[in-house]
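After this come two complexes, each holding subunit A, first together with subunit B and then together with subunit C.
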Partner chain A sequence: MPLFKKTTNRDKKALIIGIDGVPYTLIQEYLGRGYLPNLKAIVGHGHAIHQMNASIPDISSVSWTTFATGVNPAEHGIYGFTALRPHTYSLTFPNSSDVKAPPLWNLLGKVGGGNTSTLAARYHKKVTKPYRSIILNIPHTYPAYPVNGILISGFVAIDLQKAIFPDSIYRYLKGIDYLIDVDAQKAHQDKEEFLRDLFSCFTTRQEAVKHFFREEPWDVFVACITETDRLHHFFFDAALEEGHTYHEAFVRFYRELDQFIGDLVTSFRKSYGEEAFLMILSDHGFTSIKSEIYVNKFLQEAGFLKLKEDGQFYEKIEEGTKTFAMDPGRIYINYRDSYPKGAIDRKEGDQIREEVKEILHSLRNPEGNPVIDRIYAREEIYRGPLLEQAPDLVCLPNDGYDLKGKLESESVFGNSVFTGMHTWHDALCISPPGVTWDGKPSIEDLADVIMQYFID
Partner chain B sequence: MDHLTVLENKSIFIIREAYNRFKNIAMLWSVGKDSTTLLWLCRKAFFGHIPFPIIHIDTSYKFPEMYRFRDERAKEWNLDLIIGKNEEKLEEGMGPTKGSKLECCGELKTNALKQIIKKYNLRAILLGIRRDEHGIRAKERYFSPRDAQFKWDYENQPAELWDQYKSTVYEEEHFRIHPLLHFTELDIWNYVKREKLPVVKLYFSKEGKRFRSIGCVPCCSPIDSQAKDIDEIVAELKTIKTSERSGRAQDKEDAYTMQKLRALGYM
Partner chain C sequence: MGVTKDKVTIKIPRPLYDNLKEIIGGTGFNSVTDFIVYVLRDIASAHKCAEDEPLTQDEIRLIRERLKSLGYL
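== the complex of A and B ==
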């Protein structure tokens, strides 16, 4: 007879692996080609592989925050890497302190959150014991905040000392020369050297993940690999083309990733058995760029946007501007009651939105194909108390047309050092056996599944 | 001895010690309240005439009040003033709206100083930094070695016990000397008051705003404050919760964030 009565709750363990920007279709292709034996074994072991929708817009700060909080941007408040200070054109960079909904690890860790979001309300008072989490390198968690466990912030994190909770892990990270992110600027000058840095950054990341996985107690382990996204931005054209200079390196990166996931999952299974929770996900997909689209240049040419020479970024906006764009496809109406040089009355809003939609839909590439696939009005896609902060319209482009919010450009179309762009419809989720959704899942749905596992 | 005299004596000891050990030494003067206090202490240490040059790194973006204050004091106190400017980059149009703020600081401040250090073959520089300004500065020493790349290896610093300071410099190294390290923001204001030291007027409230920390016009933002004189500033500092350089520190983080986002094709 066992000495202690086995309580199932104590044994609940979840391993969640994030692979930034990995497309479902590429994984399917590589599984087919036999590049990913470990993932193949996981999928063959009862896990289902899904194509998933990312957040809108489909960028890391929004998507990972949506994953972590299980709610949409009108509840968590993050619509992009950039925002404008209320009633000004001055640019700010939202960070973890601007996230208005509690992340799932704080709900599970019982460190507050109460019922301050729909997810929190759903599980309010249902989490019976505090679960300890290790959260490693999830984007948009900087500055690091108190958690029940350990938090190491991911992109965009500037100062390692402010990117960690608790402070005591600093010595270890410093000791292994832990890097929050590879220096992407290098890719603009020297792709070879950037690639070397990318592999070595990935090596250090793996080392840190394995260290905390082994050496620390935890119930929830969430680790994200950012290097895939960086690889894709600069080398996505090499993903499928076998003769490409960087194809071998690209595939080698994926093989290393597959090995890393395989090792982690094997020791997870060995320690905690088949019942423990395993999920692998990406925050958006990727595709090759045909052309970058400078939306503001287009709006300017169409007479919707007027810019002056001086000022930084959106401070250049002049009288008479009807609308402007922020990365990647966020469109804001220049309302009189919202901006210092606002030109549009609220009652004209609907009409202007229609005009802007029409003009954006008319945007064609040189071959005459439409650039924009869909344009959503904010109330169609967002719901929650922070709807007022949302862009008025959000564009989703057709694959290959990378929407850019930059304000200075010579022409509407252009190409640069980047060869890959994000996609909304092609994120990836490998879910535990038995977890199903009606229709295509969205990244917003995942936190609920994880919470469910811990309260059942 | 009262608190301020203890602080003053310690600073003067360090200034004299530094001058004794380094032939090629200079002081960096930003014209702000801290380095003006340091300047005052240097004058005291050498009975009115400072025996080394005073460097002002001029980005050309400083407040007009600061230039006026600098020139008046230089004349009044008979300073050997060196003005350091990165002329080449200024001619190319470098500024906070040209390129990033980070590049601007790098070229117009850091590189301008590097040029001066090289030109005058300086082996030591006196600076008015304080431990309470920023978390990382808590780790600073009074004598702090820097390599040719200006790198500060803070995990590998010599101990400073019983007023013994390491001062051997390698070929490419120079020392940063921090005689004000033990002052707090509040000490500075109390000392300024006691010594009746002149400071730039921007520190005092005008139309409900004052600057708590001054530098270049585009990168400094005032705080809401009614403090019109030193007594009112002291009273205000006793209740204030935000950090002194919060406006400026955020700027720097934003500049890095912007650089990182741009490298990935945003903005």
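== the complex of A and C ==
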């Protein structure tokens, strides 16, 4: 039975709003406190609100790429903000050209195409007309690439001219002083000034969203608000504590977000009716940090990692290293056939993985509580042709312990300017009426629902 | 050039081999072969990078800064 009511293809419109790093539990709390009247009206209007699992690891580049392609990292190829160049310890920064599966907007737009992912295989022949998309500020879409419509890249976009497709929208964006992202470095020096910038960046983002929503033709409109994630990194401790210096500003930001979503959804309903597709999602949750955990320092102290003084980042790895970590909890075995200073033969792999798992599970905070909740072997969580590029193990911490991939650190535990950390289990999805899942949904499931809407 | 299942033998001039053997003395490379494989892999991946890299050095520097400012590096 079709999931969605039959409409003519011409009538099909989808509005998808991304709110980066917004936790399900915080939204439920704020709905209860009455801070979010517009979201409350949406949820009361037949939309279900779900707690959702993010990608593993639970960071924006991986999670948004998983959302966009509807496949897991072993198919789309993005495992983190950083990677190592094959057979070296040289750090690279994966970008949009490294994504090996088509995003749903290019499947719907009939751009490129063919049977290039499991999602594409299910749907590419069923999309009967090219749908036009506007994609605004989705992370890991930089440099911008051709779409049937408009693409404005999100984090970590640098140069606005390379962050847009087509070029003709440059003049408008320049004219409103469009900001790809707030300067997070400012928060390290002056939190007040950073907050002002954050609100101002959000204002410009809203202006751009409303402009393209109103002025351009489209069938699929996907817009992401990144400022929530930035607010959380530096102020999450203020989310629930009413006496906190920044609580009022934190809640004010959420009220503004609620108003923005309310206005956009009202325009959407007015133009395209109740049957049009609305989805709101976050890419991961957030919680307060108890301590940052420098995984490489722990591995070093346990004798699994040896570092030299010179070299940049992972080029510091020395002979005798068994394993090393990359942000946030990706563990790589230093295999002889994979790395210049590899020390482990493939046949020893299973044994080393067990040793590493055991030692990481033994990591306790000063009160004796375990830091790591679970450790997955790559074949347990990933499936696809790019499995070989996956980390050998991936750790998910208990809430409050923020796993860091940094190599140099004085100690295993530490705190810094950050007060919030990502969570895997507490992302959010507000789904269209009638959409349900057996069990808890995952961000990987959403593209399928969007595709179904357009082909039913 | 000899071929085994997953390795091939490449011939290089003897004086070059002797020279490399001297160069790697005390550096941590176990053999001339290890050293040559290391150098060639580096060149091969740098070449691939130069061909395909859609990001400039300046962009990479700024990406590092952005990631660092959010605690990812």
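The working rule: the second predicted complex is superposed on the first by the 449 of 456 C-alpha atoms of A that agree within 3 Å, B and C clash if a C-alpha of one lies under 4 Å from a C-alpha of the other, contacts with A are read in each partner's own complex, and residues count from 1 in each chain.
Just so it is clear, a contact is a pair of C-beta atoms (placed from the backbone, for glycine too) under 8 Å apart; a residue touches a chain by one contact, two chains touch by 3 or more.
The structure presented is a predicted model; accordingly, all values stated were derived computationally and were not measured.
Participant: Mind checking subunit B and subunit C on superposed subunit A, clash or fit?
Facilitator: By the criteria stated at the top, subunit C and subunit B clash after superposition.
Participant: Quick check on the superposed pair: does A:425 touch subunit B, subunit C, both, or neither? Answer first, second, both or neither.
Facilitator: neither
Participant: Is A:88 contacted by the first partner subunit B, the second partner subunit C, both or neither?
Facilitator: A:88: touches subunit C, not subunit B.
Participant: Can A:353 be said to touch subunit B (first), subunit C (second), both, or neither?
Facilitator: After superposing on A, A:353 lies clear of both subunit B and subunit C.
Participant: Would you check which partner chain A:378 touches, where first means subunit B only, second means subunit C only, and both and neither mean what they say?
Facilitator: A:378: touches no partner chain.
Participant: Thinking of the overlay built on chain A, is A:284 touched by subunit B (first), by subunit C (second), by both, or by neither?
Facilitator: In the superposition, A:284 touches no partner, neither subunit B nor subunit C.
Participant: Looking at A:311, would you say it contacts subunit B, subunit C, both, or neither? Reply first, second, both or neither.
Facilitator: First partner only, subunit B.
Participant: Please work out whether A:161 is in contact with subunit B alone, subunit C alone, both, or neither, and reply first, second, both or neither.
Facilitator: first
Participant: For A:416, select first, second, both or neither according to whether it touches subunit B, subunit C, the two together, or no partner.
Facilitator: Once the two structures are laid over each other on A, A:416 reaches both partners.
Participant: So, does A:327 touch the first partner subunit B, the second partner subunit C, both, or neither?
Facilitator: Both: A:327 reaches subunit B and subunit C.
Participant: Quick one: subunit B or subunit C, who's touching more of subunit A?
Facilitator: After superposition, C is the partner touching more of subunit A.
Participant: Per the definitions at the top, what is the overlap between the subunit A residues touching subunit B and those touching subunit C?
Facilitator: On subunit A, the overlap between the subunit B and subunit C contacts is residues 81-82, 92-93, 155-156, 158-159, 181, 183-185, 187-188, 230, 233, 292, 313, 327-328, 402, 404-406, 416, 418.
Participant: For the complex, which residues does subunit A have touching subunit B?
Facilitator: By the definition above, subunit A touches subunit B via 81-82, 92-93, 155-156, 158-159, 161, 174, 181, 183-185, 187-188, 230, 233, 292, 310-313, 327-328, 402, 404-406, 416, 418.
Participant: Can you list the subunit C residues touching subunit A in their complex?
Facilitator: Counting only subunit C, the residues touching subunit A are 28, 38, 41-42, 45, 49, 52, 54-55, 59-60, 62-67, 69-73.
Participant: Contact residues on subunit B for subunit A in the complex?
Facilitator: Subunit B residues touching subunit A: 96-97, 135-136, 155, 253-254, 256-261, 263-267.
Participant: Within their complex, state which residues of subunit A touch subunit C.
Facilitator: My answer: residues 59, 81-82, 85-88, 90, 92-93, 95-97, 143, 155-156, 158-159, 181, 183-185, 187-188, 230, 233, 292, 313, 319, 327-328, 340-341, 402, 404-406, 416, 418.
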